[in-house]
Structures are given as C-alpha cells and as structure tokens.
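Shared chain: chain A. Partners: chain B in the first complex, chain C in the second.
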Partner chain A sequence: MMKEIIQNYGYLIVIFPLLGALANGLLGRMMQKRYGEMPIGIIACASIFFSFIFSIIAFLSVVSMQNNLVIINNLFNWISIGYLKTDISFLFDPLSVVMMLIITGVGFLIHLYSVFYMKGDPGFYRYFAYLNLFIFSMLVLVLADNMLFMFIGWEGVGLCSYLLIGFWYEDMKNAVAGNKAFIVNRVGDLGFLLGIFLLFSLLAEQLSAGGALSLANGNSSILSFSFLAENVHLLGGINIFGMSAVTVICLCLFAGATGKSAQIPLYVWLPDAMAGPTPVSALIHAATMVTAGVYMIARLSFLFSMSSTALGVIAVTGAATALLAASLGCVQNDIKKVLAYSTISQLGYMFLAMGVGAYSAGIFHLMTHAFFKACLFLGAGSVILALHHEQDITRMGGLRRFMPMTFITFIIAAFAISGLPPFSGFFSKDEILWSAWSSSNGHPLLWFAGFLTAGMTSFYMTRLAMLTFFGENRSGLIIKESPFLVTAPLMILAFFSLFAGFTGVPEALGGNNMFSHFLDPVFGIQGGAAHHDTMEYVLMSASVLIVIAGAGLGYLLYGHRPQLARILPEKFRHLHKLLYNKYFIDEIYDAVFVSGTKMFASFISAFDKYVIDLIVNIFGFVLRIEAMIIGWFDLHFIDKAVDLIAEFTLSAGSGARKIQTGRIQAYVMLMLFAVTLGILYRLIF
Partner chain B sequence: MEIIGIQSYLIISLIMFSAGIFTTVSRQNIIGIFMGIELILNSAALNFAAFSRFSAINLEGQAFSIFIIVLAAAEAAIALALLLSIYRRHKEINAEHLNKLRF
Partner chain C sequence: MPEFIGEHILTLIIFIPLFGALALLAVPGERHEFIRRASFAVTLVPLVLSVFIFMNFDRGASGFVSGEGLQFVEKYSWIEQFSMNYFVGIDGLSVSMVMLCALICPVCILASWNIDKGVKGYFFLFLLLETGMMGVFCALDFFLFFIFWEVMLLPMYFLIGIWGGPRKEYAAIKFFLYTLVGSVMMLLVIIYFYLTLHTFDMTELVASGSSLNYRMLCWWALFIAFAIKIPLFPFHTWLPDAHVEAPTAVSVVLAAILLKMGTYGILRINYTMLPDITLQMATAMAVFGMINIIYGALCAMAQRDLKKLVAYSSISHMGYVMLGMASFTAEGLNGAVFQMFNHGIITAMLFLIVGVIYDRAHHREIDSFGGLASAMPNYAAVTFLAFFAALGLPGLNSFISEVLVLIGAFQKYRLITAVSATGVIITAAYCLWTLQRIFLGKLDEKYSMLSDMNTRETLSLLPLALLVVILGVYPHPVLNLMQSALGFINGIILKGGI
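And then the complex of A and B:
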C-alpha cells in the first residue's frame, strides 16, 4: 500500500518545499509587513515537515520491499529528441531514501532553529524562501532518476548557496564570498556537464553501432541511472585522448564533485561561505550542497568502479584534502572557520571512501557527519548569538557554566566528529579507514593519511571546545542560554550524533553492519562474507589511540597549560604563519587565476580599444569621405536640376497668368478666336 | 412637299448665334451680355429641334431642346440673383469695371 503511495505521489516530497519557497518568495514580503514573521516561519517549517513525513513513508516502503528495493515515480516525459529521451521521474532506492531522510530531517531542524536565529531580520521572508528552495534543489538532485534532471538540482543547489552565502549582501565582503562560491562551483559544473555530454554521446554512438537502438528508442532514456547501469559496460573498450573513455568521463564528473563538495583544488569557496547566516552554514555543510558530490559518485558507482585510475585519483584527492584541511583547522581562530575546515576534512574522508570503493562506508559517514556537523554548527550559532555575533574563539571561554545545553550537545558532537567510541563518528570513520587499508583499491598510505587526519581532528576539536567552553570568560559579556527553539534541535541532533553509529556497527565488533547491507543492492554487492581479521582490531585500536592522543594534546595546550599555546606559535613562527594563512592558497589562486583572468581581460580590452576600434574608425573615416562626395554631388547636380524644373514652371505660370484679365468680353473673344482657329484648321487640313 | 427645309432652320439658328456672340462681346451691361448668352442657347436648341425633325425617328432633339430651355431658365434665375447682389454691392453692373476675378 505504501509502495503505491510513493509510486504515485512520491513527487510531493519535492513539491512541498517548492510550494513553500514560492509562497514565501512571492507573498512573503506582504505577509511579513502585515502579519509579522509567524506565518512565514510556519509555512517554511511545515513544508519541510510534510516533506519529511513523506520521506519516512518512502523509507518505510523501500525497507518493506522484499527484493529489488526500487520505486520509480514517473511524472512525465520531459525531452524526447532522437536518442535523447528524458523523463521527469523520481527514483526511490536505499541510497536516495537515506539521503532524503538526512536532507529533510536535518533540514527541518535547521528551519526550526532559523526561525529564532533570523528573528527581526528584514529579509526574513527572503531567507526562508531561499532555504526552502535549497531543500527543493537538493531533493531534486538526490531523487532524480536521470543525469539531466539531476543536473537541474545540481545547479539549483549552486544557485541557492550563492543566494544564501551572500544573504546579507549590503556588506561587500559577503557578496564577494557568494560570488566566489558561485564561480568556483561553476568551474566544477563545467566538468560535470562535460562528463554528462561525453557519457551521452559515447553511449549513444555505441548503442547505434551495436544495433541496440531499438532499446534506446523504447521506454528507457539513455541517461537514466538504471539504463546506464545496464549498458555502461559498452564503453569498456573505447579510448579518447589516449585514456580510456570511462576514466575521462569519471574525471570530468569528479571535477564537478570537487566543486560542489569542496575538495582540492576547488575547496576554497567553503571557508568563505561562512559569510552567510550560521544556520545556512549548517545546511550547506551537513544536509545539502557539499554532500552532492559524494552522492553523485555513489549514485554512479557502477561507472566509477570501471576505472581504477579515476578511483585512485579520487582516493588520493580525498586523503590529501582531509589532511590539508585538518592541518588548517588546527590554527584558525574563527569558530565557524574551524568547523568549515573540519567539514572539508570530513568530506575528504568520504571521497577517500569512494575512491577505495567503499561506497556504503562513505554514505554512512555522510549521514553521521550530517548529524554531528549540523549539531556543531547550530551550537556555534547558539554561542555566536549569545555573544552578540562574536566569532573569535580567543574571545570566548567559560561558556559551559552559562550555556549548559549548548555545551553538552556541542561536546557530544565534538566527540562524534573526533571518532571516539561509541559515538557515531567512530563507526563511520573506522569503516572508511579499514576500507582504505584492506580494499583492493586501498593502500596503507591512504590509511595513514586518514589516520593522521583523525588525530588532528580530535586535536582541533578539543582546542575549539577548550577555548569556547572552558577557562575564563574572556568576552566580558553577560551570557544567557539560548531558548528552547534553539536547544531542541541541538538535543535531537546530539541524540543522533550519539546513536546513529549503531546502525552500522561492523561485524568485527559483533554488529551486523545493517546500514551498509541496506545500501548493498545499490552498489551491486551481493552480501559478501563478513570481513574481519586481527589487523582490523589493530587498526581500530591505533585510530582510537591517536584520537585520544590528539585530544590529550589539545587539552594539554589549551586546557591545562594555556601559556604553552601562546609560546608554540612563536616558536614555529613560519609553520604557524603558513597554516594561519591557509598555505597562501587563496593568494596563489588570486595571483594565478583571478589576476590572470583580469590581465587577460585588460589585454582583450586594450586589443579592443586599439585594434578593433582603429579598424572601425578607419571604416568610419572612409565612409565619411564618401558621404561628403555624395553630398556635394547631391547639392550641385541633383538639387540644381530640381530647382531648374521648379523655376521653369514658375516662369511659365507667370507668363500664362497674363491671359487672365478678369474682363468677360476678353475671355469670350479669346474663346471665339480659338474656336475659329480650330475650325479653320479643320477646313484647311 | 417641303417648303421649309433644314437650311432655313440652320440659317435662322446661325443668325441668332451670331447675334448672340456679337451682343455678348460688344455689350457693357451684364444684363445685355446675359441676353446674348440666351440667344446662343436658343440657337443651339433650335438646331437640335431642326436636326431631330429632319433626321431622327425619335424625339431626342426635342427633348434636348426642352432641357436647354429648362436649364436656361434655372441659369437665368441664378444669374439675375447674382446680378442683384452685385448691384447692391457696387451700385453698377458694367462689365468693364467688374474685373476683380483674376489673379
């Protein structure tokens, strides 16, 4: 019964947020003026809540199915040109329902939280319209049944992130951050689009060559995931640019993923995305946007699995990003920046998982990360609100006494992200690390990068918690705990940060890895044998130990001996400077790409000014001369002729005028004379 | 037997026409000119009647004569009305002096 509901009305999940966005976007201004903020908040939250309810139904119906585990809600045919046939249809399978639950669930909590956070903002309605649109785009991305439809969501997410990061656009800094996010994403999107084009054109070529055209012209569209999964093997033998076609396609798609999911080299927009309101950061970092790239690779796992080269690139990029971002997170002083780098670092983990073919582990980490990162960001938002928009952690401290609820939830989430057992982050991170070691695509070096990152993560999270919640109150403000509307989402998220990990307890620890087995059908894994050997316990203990070591170091530096924390940066001045300035990557990008583009633009501008304009001016000059000659001819010949005709007519008229005397007798005589003349003429001739 | 042939009519008509032209050209008084014009019209009407009488089977010529008479009457009425108003304005009807209708 539930299956039928989803099969026929699954699209409602996507429609509710869209309606909310439309209602708030079109009528919000009027509503806010007339009825205040209440109805806007209710519309926004309710639309996501309905969507969440339907997501639960979808989840339950997928879970309750015996086999296949796929429900498709086909709405209508969108494009049908030649081989290109695309439907607007939604795909419900274990992967998409998990994503959907995260998006709507975490999204709903963030909406609730935002109602308080954005109170009194003149752009309240605008904010919620964007927020709903964001959820809508992300749901389209996740539920789309084919790549073109997915691309709509992909672009929509980029647009909404731009709108929300630059939400307070009166401040130039925020507007620039929004632009940066949008432009950097655009670079990645180009890769994604090229990947889609390549995939489509090569596959269409293969299909028509192999006589499988009838299949393509039938019911299935080439770019739908189910069709791709069945036919992508046709691309096996093709080479382009000296590489296998699959590798090229995968790398193009991965370029898109690096843009959306903030990986090297396109991660630079995410730290700047802090310019938006804090709940937006929570939304971007936890539920939407940055997970898009991970989801896309998981969705196309059948394609990526065909190219070990591409997987290798992904794994190395992921590991490098994890390490780099974690090292940057250790020295930042802005509470949101620290969290931003931790997001990049955790996304690196997810890509590492994708790269070693542990797709379900990556998605598992995506889920647990969504909970604890949303909790951390909302907690940070709560702190920032209490301190009247102070974001510098060196000016916080001692907040645990004033904000107990925020403190507890924040600490739980911090433990989770650090990967302490039994918090959720431990299970997901451990599975990724184990896969990095043991998988056929894995390598001990990849494991080591992840291992180091785990240590650094726990170090900077401890540092963050120490500076924010322990020690003396350095802000000089009287601090109050945030209201229930803020702490309730925090508590729920903290609950999941604590317990979500138990859905995926690995076999080695006596669990049954439920989460991963739920996703197995999507990734084409037929319930493999339970993998565990002594090595797994060794690695697990090692990672727990480094986590504890990192936390201990953090406590030592920032809790126990604060003076040490002041000395160290001076001792390693160059290293600190390098890290604090983010390896000068922004500056390098600025010098190479931004200045390069600007220089190119000014060169083109000069070219336009001095070469193109010159040619145009010469043409103009020649034309002017020509016009002058023609004008002279016109004046002296044509006009003269016209004048002559007029003068002749005038003089003839004045001659003829003399006949008219006004005397009747003269007229009669004239008439008589003329008639006589006529008669004589007739008589003689 | 025809005592009075078509020539007689035409001669009478010619005399009337010539007299009409002469009157029109030589007279100073507009009423005189007008009377000359009447003579010309009537000579034309006589011609119509005569030709019709001697050549045609139907009475077209006579019908034309009647039209001419009617037109002449209408013309006379208008012309006399014009003359009256000219006289009121200029206190004379001498054609030599009434030469304002020119460029």
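And then the complex of A and C:
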C-alpha cells in the first residue's frame, strides 16, 4: 500500500517545498505587508513538514520491501533528443531515503528556528522562499534518478546558497561572498558537466555501435543511474587522453564534488559563506549543499569503484582537506568560521571514506554530522542573537550561566564532533578510520591523517567551548537564554547527536552495524569478516586517547591557563599569521584566477576595440580615400569633359548666333553660298 | 473565411504588417497614441496566426518537398521569364523562428511606447521590418529570400540612423555596409546558381545542388554573408556599435531575430545545397563557435556599458548555435536551433531590461549603479531571472539547449567542446558580477527615487519570463517542432546529398 503511494505520489516530497517557495516568493511581499510574518512562517514550515511526513512514508515503504528496495516514481519525459533521453523521475532506495530524512528532518528544525531568528527582518518572505527552494533543490539532487535531472538540484543548491549567503545584500561583503560561492561552485560544475558528457558520449558510442548493452527495465536513458549501473563496465578497456576513460570521468565528477563539498582546491567559498544568516549556515553545512558531493560519489559508487586511481585521489584529497581545515580551525576567532572549518574538515573525513571504498561509513558520518553540525550552528546562532550579533569568541565567555540550554546542547554536539564515545560522531568517525587502515584502498598514512585530525578537532572544539561558555563574561552585555522556539530544535538535534550513533554500532563493539547493512544493497554488499580484529581495538583506543589529549590541551590553554594562549601566538608569530590568514590561499586565488581572468578579459576587449575594429575602420577609411580620389577624378576629368563639351556647344552657339543678323540680304547671300557649294559638290564628285 | 486564412496563412503573416504600415501612412502624424495602439494591434495578428500554425503544424513530417516537410506552402508564378516564383512555406527549421518573430514583434512595439520623435515613421518602418523578417523565414524561392533579406535591411538602417543614440550615423552606416557586403556575396552566388541550374526554387536547388561547380567558393561566399549576420568573429564589430546606438526595441529585434537569420541561412542554404562542403568545413565551424563563445564572454566581462555587455553576451551565446550545428548529431543540431529560439527570448529580455533602467537613469554605466534591488524589487527579480537564464541555470530554457549543444558537440570534438564549456564559468562570472554591481550593495541616494517597472514594461517582460521557465521544465512544445526537419537536414549532410 505504502509502496503504491510513493510510486504514484513520491514527487510530492519535492513539490511541497516548491509550492512553499512559489507562494512565499510570489505573494510573500504582499502577505508580509498585510498579514505580518505569521502566514509566511506557517507556509514555509508546513511545506517542509509535509515533505518530512512523506519522507517517513517513503522510508518505511523502502524498509518494508523484501528485495530490490527501489521505487521509481516517473513523472514525465524531460528531454528526448537523439540518444539523450531524460525523464523527470524520482528514485527511492535506501541511500536516497536516508538523505531525504536528513534533509527534511533537519531542514524542518532549521525552518522552525528561523521563524524566530529572522523575526522583524524586512526580507522575511524572501528568506523563507529561498529556504524552501533550497530544500527543494536538495531533494531533487538526492531523488533524481538520472544525472541530468540531478544537475538541476546540483545547480539549484548553488543558486540558493548564492541567494542566501548574499541575503543581506546591502552589505557588499555579503554579496561578494555569495558571488564567490556560486562561481567557485561553477568551476566544479564544469568538471561535473564534462564528466557527464564523457560518460554520455562513450556510452552513446557503444549504443550506436550496437554494443552489448543491457537495458534495465527497457530503460535506455543513458544517464539514468540504473542504466549506468548495468553498463559502465563496458567502458573498462577504453582509454582517452592516455588514461583510462573511467578514471578521467571519475576525476571530472570528483572536481564537481570538490566544489559543492568544499574540498581542496575549491573549499575557499565555504568560510566566506558565513556571511549569510546563521540558520542558513546550519542548512548549508548540515542538511544540504555540502553533502551533495559525498552523496553523488556514493550514488555512483559502482563507477568510482572501477578506478582505484580516482579513489586514491579522492582519499588523499579528503585526508589532506581534513588536516588543512582542522589546522585553520585552531586559530580562528569568529565562532562561525571555526565551525565552517570544522565542516570542511569533517567533509574531508567523508571523502576519505569514499576514497577507501567505505561508502556506507561515509554516509553514516554524513548523517551524524548533519545532526551535530546543525546543533552547533544553531547553538552558535543562539549565542550570536543573545550577544546582539557579536561573533568574536574572544569577546564572549561565561555564557554557560546565562544560557544553560544552549550550553548543554552545544557541549553535547561538541563531544559528538570530537568523536568521544558514546556520542554519535565516535561511531561514524571510527568506522572511517578503521576503513582507512584496513580497506584494500586504505593506507596507514591515510589513517594517520584522520587520527591527527581527530586530535585537532577536539582541541579546537574545546577551545571554542572554553572561550564561549566558560570563564568571565567579556561581552559586557546582559544575556538572556533564547526562547523555546530556538532551544527546542537544539534539544532535538542534541538528542540525535547523542544517540544517532547507535544505529551503526560496529560488530567489534557487539553491535550489528544496522545502518551500513541497510545501505548494503546500494553499494553492493561489503564483506564484514575483517571486523573482528584486535587491531581495530588498538586503533579505536588510540583515537579515543588523542581526542582526550586534544581536549586536555584545549582545556589547559584556554580554560586552565589562559595566559598561555596569549603567549603562544606571540611565540610562533609566523605560524600563527600563516594559519590565521588561511595560508593566504584566498589572496593567491584572487591574484591568479580572479585578477588574471579580469585582465585577460580587458586584454581581449582592447584587442577587439583596437585591433579588430581598427581593421574594419581602416577598411572603411581606405574606401573613403578611394571614394575621394574617384570623386576628384570625377570632378576634374569626367565632369571637366562634360563641361568642355557644354562649353564648346555654348561657344559654338554664340559663334553661330552672329550669323543670325536679321537682315534678309545676308540670309539670301548665305543661301546662295550654300546652293553654290551644293552644286559644286555634285559637279566634282 | 477560415479556409482562406488556412490556405494563405503565411502570406497573411508576411504581409499584414506591410498593410498595417501602409495604412499608418494615412493616419495624421500627431495622433501618437492611436499609431502606437494600431501598430500593436497589427503585430498581434501574426502572433494569433502563429498560434494557429503551432496547433496545425505536422510535427512528424520531414523532407524538403511541398506537402511533406514543407507546410502551409503557397506558390505562384511571379516573373516567368526568369522562373522567379512567389514561393513560401515553412518546415521544422523555420517554424520556430516564425513563432519567435511573431512573439517578439508585439513585445517590441510595447517597448517602443516612449518613442515620441517621428512616431509615424518609426512604427511604419517597424512594421515594414516585420514583413521583411517574416519573409526571410518563409521564403522558399532564393530570389524572394534575397528580396526580403534586403527589405529587412533598409528599415533597420533608418531605425538606427534616425532614432539612435549620439553616434547613430556611424553605427547605422557600419551596420549597413557590413550587411551589404554580405548581401552582395549572396547575390553573386544566387546569380551563379541561377545561371547554372536555371531556377531560384530552393527545393530544386537542394535536389540538384550536387551538379554545381566552384562549390568551395560558393560555400564560403554564403558562409561569410551569413557569418556577418550571426555575427561570427571576426565579422562582429558592427554588433556592439549598432546595439549601443539603437533604441531599445530595435536592439531587441536585432539580437532576438536578425542574428538568427545568419544561422538560419547557413542551415537552410549551405547545409542543404552544398552538404559535402559543409561536412568538410565542420571543424572550422566548430572552431568558429568555440571562439565566439569564449571571445564574446571575455569581451562581455570587460564592458562598462550594460548594453554593450549584453551585446557581447549575444556573440557568446550565438557561438553555441554554431558549435551545435557543426556537430551533425541529433543532440547538437536540435540544441543549436533550440538555442536560437531560447537566445531570442533571453536576449530580448536582457535588452528590454537595459531599456527599463536607461529610461530611468539615462545612462548605462554598470559601475555607477548599486543597490537597485532595494528601490526596484520587481525589476531586480526579472533581471536576476534573465541573467540566470543567460548563464544557463538548469531548470531554465537555455540550459537545455546549451547542454544539448555541448553533449552533441562533445561526441565529435572533445577538446573544442571542453574548451567551449569553460565558457560557462566566464559567463557565470560576468553575469553575477553585473548583477552585483547593479543591484547589490548600498543603494545610492540619487537612485532611491527610481520607480519599479510599470504595467507596460511588466507586460512586455512577463510572457518572455514565463517562457524561460516553462520551456526549461518542459521543452517539448518547441523541440517537437524541429526534430524531424533537423533529422532530415542532418541526413542530407551525412549522406552527402538528398
């Protein structure tokens, strides 16, 4: 029964937020003016809530299925030209329903929270229209059953992040941050597009050559995931540009993922994305957008698994990003910036997981991260509101006494991100670290990078918590706890940050790793036999130890002996400067790419104006000169000739006029003369 | 009556604007409002008739023979001694262009409402222009095609030269001479074709084109004639000047329809009459497309004048058409013609948008604006939509055409297409940068009194905006029209003849 609902009406999950966005986008200004913020908030939250209810139905119907675990809701044909057949159709399988639940669940809480957070903003309606559109785009991204339809969601989240980061557009800084996010993402999108093109053209070649393609359910839509899953093995032997085609495709697609999911080298937009309202950051970092790249690789795991080179690149990029971002997180003073770098770092973990083929571990971490990161950001938002938009943690302190609920939930989430057992982050992070060590694509160095990152994470989270919630109140403000509309989402998210990990307790700890088994059908079942290894316990203890060590160091520097925290940056001035300025990567990118492109554009434009157009104008000039010469010739020769003839006629006339004397005698004389001449002529000839 | 309309629908579409124009001459010149309304009413007739065509067009038919691929055909003998015929008809290639033209013209009349100098002359010329444009897309007799081609040129020259900006004479002459050079080259080829094959009938020319000599020369003469119109690098410099000087509505027509005649001409003439040369020159055309995409986008990025920026963006977007055409795949060709249609709509929006702000601020310097979103929220919303359509946002119409073009071209030219695809980044950069400089940031005091779009402006932009969204989600209404005709043309090329 439930399966039929989803099969026929699954699209409603996507439609509700779209309707909400349309209603608020088109009528919101009028509603806000006439009826206030209430109806806008209700429309926005209700649309996500309905979507959430449907997501639960979809989840239950996928769970209740015996085999196959795939439901497809086909709406209509979108493009059908040549080999390119693309439907607007939605794919419900374990992977997409998990994503859907996270997006709508966490998204709904963020919507609720935003109603209070954005109270009194003149752009209230606009905000919620964008927010609904964001959820819509993300749902399209995860539910699309083919790559081109997925690309609508893929660019859609880019658009929404652009609109929301630059939401307070009157400050040019925010607008620039929005631009940066979109353009950096576009760079990645180019890779994604090229990946799609390559995949398509190679498979279309196979199709036109009558290759042995198996059409799943008679579906010949090349870019649909079912078709790809059945047929990518045909690309195995093909080489292009001297590399295996599959590797090139995977690297192109991964370039797209580095844009969306803020990995090296395209991570630079995410820290700036803090310019948007804080709940937006929560949405971008937890439920939507940055998880897109991870999801895409998981969705195409069958393709990525074919290229160990590509997987290696992904794993190394992930590990490097995790380390780099964690190092930057240690010195930032803006509460949101610290969290931003922590997101980049945690995403690095997820890519590390993807790179070592531990897809379900990556998705598991994606889920737990969604809970604790949303909780952290919303908690930060609560703090920022209480401090009248102060974001500098060096001017906070002692908030735990005034904001107990925010404090408790924040700490729970901080424990979770640090990976302290039994908080959710511990289970997911540990599974990744173990895979990085033990999987066939893994390497001890990859594990070590993740291990170091874990220590740094707990260090900077402790630092953040210490400076914000402990010690003296340095803000000089009277601080109140936020209202229930804010703390309720925090409590729910903290609850999941604490307990979500139990859905994936590894076999080594006596669990049954339910989460990963649920996803098994999507990724092809992975052997779990390696799991009773003493090494696993050793590594687990090591990572717990380094987490505690990091936290201890953080406490020592920022809780116990704050003066040390002031001395250390002085002592390592250059290192601190390097870290604080983010290795000057932004400046380098600005100088090389942004200014470079602009200069090149100016050059081309000048070329256009002074070379191409000059040729045209010279051509015109030459023609004019030619025309002048001809004109002169015309005036002085042709015209002169005409004039001469005219003159001759005139003078001849005036000469002849003299004959016209009016005297009869003269005429008779002339006549006689002429007659005589005539007679002579006859006589002679 | 309905039968009469059904049988002569193309003739009606072509000549009703002309009759309207002639009738306008009888109206006293100072009755401005009446002239505007009457012109608007006249342009609505082809629009209604084009809806009739849309409903009755046989989408499955293909071929280049009357009654099969060619529909709504009318053929009468005209000058028998030279076997010139009045021969009109449309196939899947031209039908979308006729519809685009019928849609854009009333929009342009709306955008011309504030012309108050020489009103009668302006609208007379405008209606004459519509006749010329419709004629070019419908003519199936090469000589008739040429006549309409010239008919369209003249009003354009006067519209720019009289109602244009400060450097209007320079721009008008430049436009005129450029296009005239093309016309002469085309005329020579037409005459040569006639002397060899003794016919101007395009269907016969297509059927017997293989017996022509000097094929390469003819191909290039025609190609350059059309390339000037597209315009392809390096024949493009008339375009920015013409756009900057032309009044808003003329820019709209110029970009939305006249540019399409270049690519239409290549597809209609070069592709079908000289298919073997076309196939040989495929890579050259793809390279031309690539250069246009990148070069146009970079030039657009460097502009300070909003109108010039939009003009260069047209060059960039027409590059996609060229690239798709050169691929000879179903995806690429359909993408190319769909891109012609989409670009017509989007660029029309962009030029209308430029007109709106120019009417208020009396300048177009991008850098001197800022924060206009606060003063003009509706205008900002439409502009954002138009620019995002221009940068190919998925879900909007140009995304589909650009992806079709790229996916089609990629099958043939991996490197050229990959380089062309970098255009999406440059395009995004200049579009967003423009939006940022005009709409975002703090609102300048002197612009705080600017009024939002009025009803007339909204009315001219709204239908286009709706099409941008609808065709992005559901492109079949337009794609269906062209598919079989383009399949046929592609067949001619790949088989090297009909």
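Here are some notes:
Everything below uses one rule, namely that the second predicted complex is superposed on the first by the 600 of 685 C-alpha atoms of A that agree within 3 Å, B and C clash if a C-alpha of one lies under 4 Å from a C-alpha of the other, contacts with A are read in each partner's own complex, and residues count from 1 in each chain.
Operating definition for what follows: contacts are C-beta pairs under 8 Å (C-beta built on N, C-alpha and C of every residue); 3 or more make two chains touch, one makes a residue touch a chain.
Given the structure is predicted, the values throughout are model-derived calculations rather than measurements.
In the superposition on chain A, A:F76 makes contact with chain C only, not with chain B. Contacts of A:Q660 after superposition on the shared chain: chain B is touched, whereas chain C is not.
In the superposition on chain A, A:W154 makes contact with chain C only, not with chain B.
In the superposed pair of complexes, A:A674 makes contact with neither chain B nor chain C. Judged by the number of chain A residues each one touches, C leads among chain B and chain C. By the touch criterion defined above, A:I604 reaches chain C but does not reach chain B.
Taken together, the two complexes place no residue of chain A in contact with both chain B and chain C. For chain B in complex with chain A, the residues that touch the partner chain are 21, 24-26, 33, 95-96, 99-103. Against chain A, the residues of chain C that register as touching in their complex are 174, 177, 233-234, 236-238, 295, 298-299, 301-303, 329-331, 334-335, 371, 373-374, 377, 388, 393-395, 400, 403-404, 406-408, 410-411, 414, 417-418, 421-422, 424-426, 428-430, 432-433, 436, 439-443, 473-476, 479, 483. For chain A in complex with chain B, the residues that touch the partner chain are 657, 660-665, 668-669, 672.
Interface of chain A with chain C (complex): residues 29, 76-84, 88, 148, 151-152, 154-156, 159, 162, 166, 169-172, 175-176, 179, 182-183, 186-187, 189-190, 193-194, 196-198, 200-201, 204-205, 240, 597-598, 600-602, 604-606, 608, 612-613, 615-616, 620.
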